[in-house]
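Chains here go by letter, A, B, C, D and E, matching the order in which they are written, and residues are numbered from 1 within each.
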Amino acid sequence: MSTTDGPTLIPDDAAAQAIADREARMRPRRGWFPGLGDRWNALPRQTQWLILIVVVVIAYLLPILNPPLITTEPGNNWQIALAQMSVYALVAVGLNVVVGYAGLLDLGYVAFFALGSYTAAMLTSPDSPYVHIPYLWTLPLAMAVAMFFGVVLGVPTLRLRGDYLAIVTLGFGEIVRILATIIPAMKGQVGFQNVGHPPGTDSSGQTIFQNSNGTPWYWLTLTIIIVVLLAAGNLERSRVGRAWIAIREDEDAAEIMGVPTFKYKVWAFAIGASVGGLSGALFAGQVGFVNNQKFDIATSILFVAAVVMGGTGNKVGALLGGSLVAYIPLRFTAIAEFKYLIFGAALVIIMIFRPGGLLPARQSLLAYGRLAYNKLKGFAVGGSPASGKLVTQPGKEAGNE
Amino acid sequence: ANQTAPSGTDTSGTSGRINIPAISKVDVPAGAVLPAGDGKGTCPSTTTIAYAGAETGPNAQLGINIFNGIQLAVNQHNTANPGCQVQFKKFDTEGDPNKATGPVTQIVSEPDIIGVVGLPFSGESKATGNIFEQKGLVHITPSATNPSLTKNGWTTFFRALGNDAVQGPAAAKFLTDKLQAKKVYLVQDDSDYGIGLGTTTSQALGSAMVGSDKVVTGQKDFSAVISKIMNAKADTVYYAGYYAEGAPFDQQLVGKGFTGSFVGPDGVKDDQFIKQAGDASSNSYFTCPCIPGELIPSFESEYKKLANAEPGTYSIEGYDAATVLLSGIDKGKQSRADLLSWVKSYDADGLSKHYKWDSTGELATPDVYGYKVENGKIVPIGVIGK
Amino acid sequence: MLELKNISVHYGRIQAISDMSFSVEEGEIVSLIGANGAGKTTTMRTISGLLSPSAGSITFAGKDITRMKAHIRVVRGISQAPEGRGIFPGMTVMENLDMGSYGRKDRTKVGDDLERVFDLFPRLKERIKQLGGTMSGGEQQMLAIGRALMSNPKLLLLDEPSMGLAPQFIRQIFKIVTEINNQGTTVLLVEQNANQALARAHRAFVLETGSITHRGTGKELLANPAVKEAYLGVG
Amino acid sequence: MSEAIEPDIDVDALKEQGVDLEVAERVAPERDIVTKVGEALVQVQNLTVKFGGLTALDNVTFDINRGEILGLIGPNGAGKTTCFNAMTGVYKPTSGKVLLEGQSLNGLPQHKITRRGLARTFQNIRLFGEMTALENVVVGLDARHRTSVGGALLRLPTHVREEKTAIERGMALLEFVGIADHAHFLSRHLPYGYQRRLEIARALATDPKVLCLDEPAAGFNPAEKEELMALIRTIRDDGYTVLLIEHDMKLVMGVTDRIVVLEFGKKIADAIPKIIRDDPKVISAYLGEPEDDVA
Amino acid sequence: MISEVIPALLHSVPMDDTWITFDVNSFAQNFWSSTFDGLTFGAIYALVALGYTLVYGVLNLINFAHSEVFIVGCYGVFFTLSALNFGPSAPRLAFWAIVGNLVLALVVAIIASALMAVIVERVAYKPLRQRKAPRLAFLITAIGVSFAIQYTIYWWRGPSPEAALTMFRPLPIFDVFGTIVDSQQVVIVIAAIILMIATDQFIRRSRTGRGIRAVAQDPDTATLMGVNKEKIIVTTFIIGGILAGAAALFYVMKIPSGVQYNGGFILGVKAFAAAVLGGIGNVRGALLGGLLIGLIGNYGQVLLGSSQWTDVVAFVVLVLVLIVRPEGILGSSLGKSKA
């Protein structure tokens, strides 16, 4: 904890770990797509946009394409699978703010997901005696409710470090789930049926957003994901994102550099929670049924696995990780006995071969940094600096003119 | 060196307990419809029926009992009818309502599937009934017993057994009359099923009930509940829930010196219960709106060949439900709509009972059987509650 | 007694040491100086086995130890007081010293070595019950050196022992280095305090970006104008 | 960029001292450049810090005057770092006060102290390794920024303006410490000496009134130390006040205007370097007799 | 609309006593039985918690697969008992026969768990360590291995718990205010405490223990002292495995039908909570935390009216304690524990 060379206390876990992690990340990237992130960042803006548009179009077409081999059928309906994958992806993007950016290990993220689901269910399901509001209204409301609880949980506990926070959040997740069992109004395992859905019918008078039709749900979630990604990008390339990364890298140093660390940790928690709530509400709508069974620790841990597997701190990685975590068991439903065995093995293998996650690319943290860096192109580009004598070379010192 | 036979004579002592004799056969309706039919069925080779329900998950055994029953029916049908090879597909829901919608949606979106047996559990049935309804696909549950399932206005849902509105009162009657219980302690789990059954039973028990408590799915330690039961000096415990919790509960109950009877419903009635509760299970009775398939020799031997095990709870219901669908297919009802109306107007005996449904999908005259544990086996003791 | 032949060390893709060769003879003090990031610490860690070279070989006391595990090298007689001291903060001074003799087989002699350490650093004897982490910078440095001596090394590696120390401690540390050497331990010394390091060394090497650029006796290098300009400062 | 340089400042004199006024202007646009040693900027009053039974800092009082470079020296374990930590809010003082421009800093959270104008570097470098050099500096600049989550989400004009000027000022700062050409390197990839400079730039970015440097030359060889000395002087000449902890006497004597000496947590001397050098108390406590001092 | 929603939300938490009671009577009535049961379970939690704590202390990692190390031990006990022909009912055996069987089961469980622990280390940790992976990666491989083990067992043994096998029927030993304390409870608690003390002393006094503490504080420097880091890490896993094996025996004694592919998970979570409550990385903290988690949960459920409250109460207390003492009751760090 001591910030200088004097007597050091027991080395602070977080700081020590930050150093270890940093060293870990220094290793050259090996594996299937080395330096993908670097290469992506090197592309001109226009090309990036072009590629992005193509990717987005393909993403929207997925339910129609139903690509062979990839498809989850015959075990699971592909459109429904897509809808669930997209919800998981959204969850992972939200959790990435907490775990990936701010470096807070939240093992109870499922609690916010649950809060969102229950908000949607209790305000739209005919099983609930309370006021009913249109489903779409429950989305912002779910975000608000989850955010509120995020702050309520965060304020007292965010002073805890590392794994203490992990167990507290995990406990919170369990508390929410069990209270949903105990409190009669939340109907425990009995749950809520016929959760609402967005309005609209197709030409034949059929409801568009049916539980059994994944496509519209997928499109809705995908659109929301795109909006959330843009928002996350905006945050990332701003003071907020920098504060989060600074906290993750070295909390004490961040604080001393004038970053209100506590405030930004609460923000991370609140923003993460609200996305969790949002995804919960979407999930509730899509499945059409909410009870307490979905929100257990195992699910919560899967969420974290999604983020880490995708590439901690990278929102696109989170997206990928979230989809995969949902996908693997769905894909292998046909061999029911093995699906989780495959899943576990996949986790191990992926992490061993890509310890930084599938897409470990670093995000840029400056909104207009590209400009500044481009100006530097005249100087050294890429690679790492020659060691040693740079410092000792005379004449380069600004101070000396 | 160590003995294996359950003694049952230790501290818990069966002395003083009412002895209800086991029955050794049930009446099989003479003209029961069998899957084999007349052997003249013809159908396209794509014709498919499906099972949706638990293949994995904590209560998987109940699902396994059922789809083995279905498999037997399909096998018998296909052997007897060379012209009609019906395919059988299984979809795993893990018995979890949240996981059930994916597979069920997959089922309804496969046009070849024209009839379904499932889903076994009340919770998942409730969560997915709508999807079947939307696509007009008939499904017969061989085991979901929550009464509210038929009150959703679904037209595609049929229940191949009595519901808990029947089972609850039957159980209460069994407790107070046959077992002469004076102080019943009711414990229910937190499932749709446990809560529903707990409610109907406690209403029927009235003043014979001295207390109640709840446990949760996945619970392993029941010491607190047991203290309460002991303090209430109950002579009988009724447990409304599944065996996953019921078995360790009974085991710990007896371990703590409880000498009364333990009674559970269909969710507890499985060999797994005996396996997990050990010799404690010798104090147990069960109620079940299911027919003891093991007492139907033809069924029992065939099933054993297929599954390498005795028929379990609801094996015969699964078999019968599949038979209903298969006989329709043989009669040329080979579209979803046709098969649905076939089931709606069905009126015939199955191996286990007569099948005829009212407009909500409820059976007309269901029976509830009583069972007990004898020498480490579940044996039927006849119809109860009448 | 120690010989490095054509050693190269990489951190991932970054090459920190390239094709370096040098040797240390029994009974010597050899100093290694160089700018920040020149690769001094990397060299030390390679000798002690914390890093493994990507090319080249290391022999110690006539045996090839290139692939030998670090903890075995300690038993063979190479002991390092690492950069940053590496005190176990949660152990007492005594326990820290005990850790120094962890790998030793000749348990009976440990007592003698403890006496020797206490003779060199009386401060440690006063503080045997204090937690290592609460010792001040200079005291920690004494502890680190003392602990390294507890393994009764044939070769002692000291990585910047004077870092962060007050002037009078620095002088003391260098005196002790000479003293230890006089008692028969070979010393390989890495120092930024080039004046002192060169003055005390029998031989010395100057390291620049991973290779040796100058070598000679301490006195020679002290007098070398290029070395003077780059490492000793003017005036 | 609003305020121009105060006219009564001797621009030529500054130039002589080697101040690049243009750079200086961009680095610190909102602040006057004053180099005259002025009134007390920081007052440390009767500061005491205890750890359990140990008094690490015992009733220490000294001032840091505007525009000076103050050295803080003392034997190992004298309490220098503790003093630093108590000033910057890392430790809570057991008693006593630290005032900045007459206002007490006691009890303020660390980031607020930074925003009041007290910035520091770390002895063992603590950069944000996964950020580029420029991003590191911009984190420091953020201390003066106003927009937060809302502004960033909606890309409000103030936010955009702040982001743009941040990049300019960040680059200027990197140039100032001489590492602008490495702006796009991850800070962990930078050579050690550059990392030190980056730490200084990052601290300067918070636009401090006082810059506290904790053993900035540790691990530097004499030649490198000289360059560092030049940089510290430039910083001071640019109008910052500097507090410097350092064990290297040549550096301390060469660069400081005044020196405070601690021993066993107590202040034992407070004077200009020349006097300190010959103070017998300081010699016996710290410097030692220069008998065989080769340096 | 908001004006409707808020009362509705408030109403959704009805404060009638059907779901929450504050039943001091029942608490008083069941106090001693909850205490003894709580202590018994607490002792089991504590033993498992030690495994978390040791690995955490040395590697700074939460070993999420430790619950599987434990459950494999449970299977070890189960197979031993079936091999010895034990059935669901407890036979009447001579005292020494019981002790002999117990020891045999214990040995098998310990070997099984320790082996599993080594496998986990080799598969989930070592490869990543060699690749210097970031910390979260270890968490994920551990979770992956944990899934893989669970479902391997599942694939092999099926979804249902194993048959309940019992070795002896607990004998009442003494009677505290009407609550009978039986031999089983006494054996479990005493054995667990002895194991804890032995572990504590081992870590503090033995040479290997010192190696463990050194690696915990600074692995690189420890290597420079001649400590074989890899061996120490494996040893730590083995010790954790041994304790988990012992816990497995006690658990099966207490809950014979708990041997199931996923039977370790929840217990693992609570043991982990216990480790954190006491101060993760702290050997004595694990004991304290385990016993407390066991007790608090049991008290909570009788006080609040249903066993559903057990975990809620335990976690709420955990959160509250951590808010007041952010490093757990006894503080963290394996290294810190003074000798």
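The rule is short, and it goes like this: a residue touches a chain if its C-beta (ideal position, glycine included) is under 8 Å from a C-beta of that chain, and two chains touch if they have at least 3 such contacts.
Protein identities per chain, from UniProt: A, E = Branched-chain amino acid ABC transporter permease; C, D = ABC transporter ATP-binding protein.
Remember, it's a predicted structure, so these values are computed and weren't measured experimentally.
*Asks:* Would you mind checking the shortest number of contact hops between chain D and chain E?
*Replies:* Contact-graph shortest path, chain D to chain E, evaluates to 2.
*Asks:* Across the interfaces C-D and B-E, which one involves more C-beta pairs in contact?
*Replies:* More C-beta contacts join the chains of B-E.
*Asks:* Looking at C-alpha means, what's the farthest chain from chain A?
*Replies:* C
*Asks:* What is the distance in Å between the mean C-alpha positions of chain A and chain E?
*Replies:* Computed from C-alpha means, the inter-chain centre distance equals 31 Å.
*Asks:* In angstrom, rounded to a whole number, how far apart do the mean CA points of chain A and chain B lie?
*Replies:* Their C-alpha centroids are separated by 42 Å.
*Asks:* Can you compute the centre-to-centre distance for chain B and chain C, using the mean CA position of each chain? Integer Å is fine.
*Replies:* Taking the mean C-alpha position of each chain, the two centres sit 76 Å apart.
*Asks:* Measuring from the mean C-alpha position of chain C to the mean C-alpha position of chain E, what distance in angstrom results?
*Replies:* Computed value for the inter-centroid distance: 45 Å.
*Asks:* Tell me, which residues of chain A touch at least two other chains?
*Replies:* 5-7, 10-11, 25-27, 178, 181, 337, 384, 387-388, 391-392
*Asks:* Where in chain D do residues touch two or more of the other chains?
*Replies:* 76-77, 123-124, 191-193, 215, 218, 223-224 - these are the residues of chain D that touch more than one other chain.
*Asks:* Scan chain B for residues touching two or more other chains and write them down.
*Replies:* As it turns out, chain B has residues touching two or more other chains at 56, 190, 216.
*Asks:* Give every residue of chain E touching chain C within the complex, in rising order.
*Replies:* Contact set of chain E toward chain C: 207, 210-211, 213-214, 217-218, 220-229, 333, 335-339.
*Asks:* Under the stated contact criterion, what part of chain B meets chain E in this complex?
*Replies:* Result: residues 1-8, 10-11, 56-61, 190, 213-216, 218-225, 227-228, 231, 244, 247-248, 251-252, 255, 257, 272, 274-281, 376 of chain B touch chain E.
*Asks:* Looking at the complex, which residues from chain E come into contact with chain B?
*Replies:* Residues of chain E touching chain B: 26, 29-30, 33-34, 37, 41, 84-91, 93, 154, 158-166, 169-170, 180, 254-258, 262-263, 266-267, 298, 301-302, 306-308, 310.
*Asks:* Looking at the complex, which residues from chain A come into contact with chain E?
*Replies:* Listed in rising order, the residues of chain A that touch chain E are 10-11, 13, 16-17, 20-21, 23-25, 27, 99, 105, 122-123, 130-131, 133, 137, 141, 156-157, 159-161, 163-164, 166-168, 170-172, 174-175, 178-179, 181-186, 297-298, 301, 304-305, 308-309, 312, 337-338, 340-341, 343-348, 351-352, 355-357.
*Asks:* So in the complex, the part of chain D that touches chain A is made up of which residues?
*Replies:* Chain D residues touching chain A: 18, 20, 23, 76-77, 80-82, 84-85, 88, 90, 109-111, 114-115, 119-120, 122-124, 126-132, 134-135, 138-140, 142-145, 147-149, 151-155, 159-160, 162-164, 166-167, 170-171, 175-178, 180-186, 188-194, 202-203, 206, 214-215, 218, 223-224, 227, 230-231, 233-234, 245.
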